[in-house]
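Lettered A, B and C in written order, each chain numbered from 1.
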Amino acid sequence: MGNEFPLSDLAVRIGARVVGDGDAVVSGIAPIEEAGPGQVTFLANPKYLRFARESNAAAIIAREVVSGGRTNFLLADNPYFAFACAVEAFHPTGRLAPGVSDRAAVDPSARVGKGVTVSPFVSVGEGAEIGDNTVLFPGVSVGKGVIIGADCLIYPNVVIYHGTRVGSRVILHAGCVIGSDGFGFAPTPEGYRKIPQVGTVEIEDDVEIGANTTIDRATLGVTRVCRGTKLDNLVQVAHNVVIGSGTVIAAQAGISGSTRIGSRVMIGGQAGLAGHLEVEDGIMLGAKCGVPDSLRASDSRVWSGIPAMPHPTWLRMASLLPKLPELFRRVKRLEEGKNPKGEK
Amino acid sequence: MGNEFPLSDLAVRIGARVVGDGDAVVSGIAPIEEAGPGQVTFLANPKYLRFARESNAAAIIAREVVSGGRTNFLLADNPYFAFACAVEAFHPTGRLAPGVSDRAAVDPSARVGKGVTVSPFVSVGEGAEIGDNTVLFPGVSVGKGVIIGADCLIYPNVVIYHGTRVGSRVILHAGCVIGSDGFGFAPTPEGYRKIPQVGTVEIEDDVEIGANTTIDRATLGVTRVCRGTKLDNLVQVAHNVVIGSGTVIAAQAGISGSTRIGSRVMIGGQAGLAGHLEVEDGIMLGAKCGVPDSLRASDSRVWSGIPAMPHPTWLRMASLLPKLPELFRRVKRLEEGKNPKGEK
Amino acid sequence: MGNEFPLSDLAVRIGARVVGDGDAVVSGIAPIEEAGPGQVTFLANPKYLRFARESNAAAIIAREVVSGGRTNFLLADNPYFAFACAVEAFHPTGRLAPGVSDRAAVDPSARVGKGVTVSPFVSVGEGAEIGDNTVLFPGVSVGKGVIIGADCLIYPNVVIYHGTRVGSRVILHAGCVIGSDGFGFAPTPEGYRKIPQVGTVEIEDDVEIGANTTIDRATLGVTRVCRGTKLDNLVQVAHNVVIGSGTVIAAQAGISGSTRIGSRVMIGGQAGLAGHLEVEDGIMLGAKCGVPDSLRASDSRVWSGIPAMPHPTWLRMASLLPKLPELFRRVKRLEEGKNPKGEK
């Protein structure tokens, strides 16, 4: 905070073009309904056009000049990306000082890279490896043989079970659990017998995982989250699931065992997928949908509902559900030989 | 425990009126199906009238005398409230001894109030402030610049990210995470670019938040939970959400980004709300409902279903769903020119 | 790892019968699509028959010989159970060394059994008892008066509130919370008044509880999870719930207050149950179902849908939902006096 730029400098940093006064000085960034003089804001959602017109902000990041607007503009093809860069310009990342706290418990056989922060109350198990510049916040538990790459942020109280591999530039939010046992039991006359879960988990580079999300280790083999995929909070990923790269999963969604999610898939909040399915690349799943079968992009790119159906079908179906009582009455009248049109 | 009162004393403490023997001594409180001699119980749900009639408890807290009951009564306009007071009377709150454990890691720049308990393995970051008489249980992580009010209970392993503000008399249950990054990414040809989440969270006075619930910080600005609101376990509150005062949210519900929930709203378990919505004051949302649009109290006070519809409509619709196969058959017969009534 | 057996020895260990070469040496176990020479695999799901036929594995655990298969077989009546035993044979359980870390905080009044592991950053409260050979991983918080049996595994950052009882051979996965306050508030004109939650939780022998699952203490009395029951990750169990023995609950399911679940019940992922219900022994609930009323096995063994209905009804209903728009059109035509069959 405290950074200040002429608009023309900011434009260079965020890959935008100034329309208006490039010498105007900007010192902060704020949402469009709140931004005032000296602040930059951005317009991504047309819903907020009204605010853009009335804004006294120093500049608005947008795709094109808003007609009726009375301020400067920073035009970018991808305004949301330019916004991300602007936020970074005004909020350079702080970080914890590197070093291993004498209140941490690091096994002597563990290897800790250069510039690593090991906070108080962190435990690092036998043979674990922590890559350069990775930050372990307080209370993180790193199991035996875990390998973590460079430049990761592991927030407080994250638990990484033994044998898990985590790539570089991975962000794990507080309380998430990686590598807990998969849910597998063999029924026997004497009750359930636990199937030992002896596989592992691999989290590839540039993945971000939300707070209190849980990812189970494989029974045998690997549960995998591929490069650049982002999981929100409280998501459940069961044993032996594979999630492709560049996929986004919203909060409280759940994926059952051995299901394979493609790349660039988008899964809405509270969606649920049965086990042993395949969801092809690029598919979008609506919030709260329930997926009992594998989904092909050639059948539909977007799916919604319980059970999941192509989104356009779901939209029509959903709009008719409240009219179901009326439909039952209409059919009853037809059965009684009445002409409902004539009666109304 | 171990407290004993004559019924007349207990009546004064809980704001009730004795019908029966005020000198009867009571020494504990129990559920209506279990309460025996010397114990007080309460009747809030008419479903349990049968137990009230047969009860041997020393007294029953209720709105009115139960006809056929054979015991004493403590009558109150708000029996559930009187019950709450009675539980307190028999179970005075213990608390951990105040003091800062030498196994905690408190930054020298942090300010810790009078009578505060800082348990072992608690970390308190640079510039944080902990108000008087607040209790931090073991393993709590308080980030840089966090401000916590007085008389709070922060249970084990809670994580409060940097910059969060927590009011007074707030209860945070174990494992909840306040202030994790909102889920925001700008798509680019090279994959998702993280939008830095530089806003914060404010939890106002008298809020209670359940175990393992997650509340994300705002992208810019503030995610806010207003005074007296209660969240159950495993709830997800996304970035920039605002929840009014006196609102109650049951377990596993989820609220997407920038949605504004009014005051005195009640949200059922596993309900889900899309982003950028408004839910007006006093609205009730049924368990498991899915809310894609803003809701006005003038349209309906109670909403249910996926997508959410007025509750009376949903009740009729839901009762007809299992009859849908039959309806298809009936329509087919009509199309075939058969008179189904005549055939049956 | 590194264990090797002739097939005939392995057969004895897992209670199976060799068909083929009992002298073949096996040194590992792998999924059926990956297993190669020297490895054992298993066939439980007929979906994978193809892989069984083509497999080069040293042996396949199965119920019967797969026709067309070219390898050895280990035949067992319960192949999944035999598989569990085989996994154990190849992966003998390691464990942390016993002992109480000098970085743990164990109250002097607590009793710690023989062979117990108390890891760094574990806190054990006043009067708590830890049974023989139980392992407490780093960051576990054991409240005042908690009693834990023998041979338990309590993974990192688990929180067990005061007064909870945990049986023997219980496994609690990372981040789960046992004994947090039930969600109970009495509405008053001044806002909600907390009902003190003075009951407790009992977890019986041989229970396993998933990562970040939450189980609330009773208001009065006990929240109970009976012997041999298994809960997956992120499950919510509210106050005063009773779950019978040998029951299985998949991830993200939620059970509201005072509901009683029978024994040998199976509950699918993301299912939700209202409060004060009874679900009889042996009932199965489909994923994502919503249960508003008590369920009797005599009405149906399997229930699905929102609201829950007998599974066969749900299957028919669900297959017709996408055809609802068409049904509305068909009824309209009938009302208009058109004969749809004739027109097509």
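In this text, a contact is a pair of C-beta atoms (placed from the backbone, for glycine too) under 8 Å apart; a residue touches a chain by one contact, two chains touch by 3 or more.
Just so you know, these numbers come straight off a predicted model, no measurement behind them.
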Superposition rotation for chain B onto chain C, Cα-based, multiple of 5°: 120
Examine where the copies chain A and chain C touch and state whether the two sides share over half of their residue numbers (same) or under half (different). different
Where chain A and chain C are represented by their mean Cα positions, the distance between them in whole Å: 26
Multi-chain touching residues of chain B, meaning two or more other chains, are 103, 121, 139, 157, 175, 212, 234, 252, 270, 306, 321, 324, 327, 331, 334
As the complex stands, chain A meets chain C at residues 103, 105, 121, 123, 139, 141, 157, 159, 161, 175, 177, 180-181, 183, 185-188, 191-196, 198, 212, 214, 216, 219-221, 234, 236, 238, 240, 252, 254, 256, 270, 272, 274, 276, 290, 305-307, 309, 313-314, 316-317, 320-321, 323-324, 327, 330-331, 334, 339-341
Considering only the defined contacts, which chain C positions touch chain A in the complex? 29-31, 34, 45, 47, 78, 80-81, 83-84, 87-88, 90-91, 93, 101, 103, 119-121, 137-139, 155-157, 171, 173-175, 206, 208, 210-212, 227-228, 230, 232-234, 245-246, 248, 250-252, 269-270, 287-288, 306, 318, 321-322, 324-325, 327-328, 331, 334-337
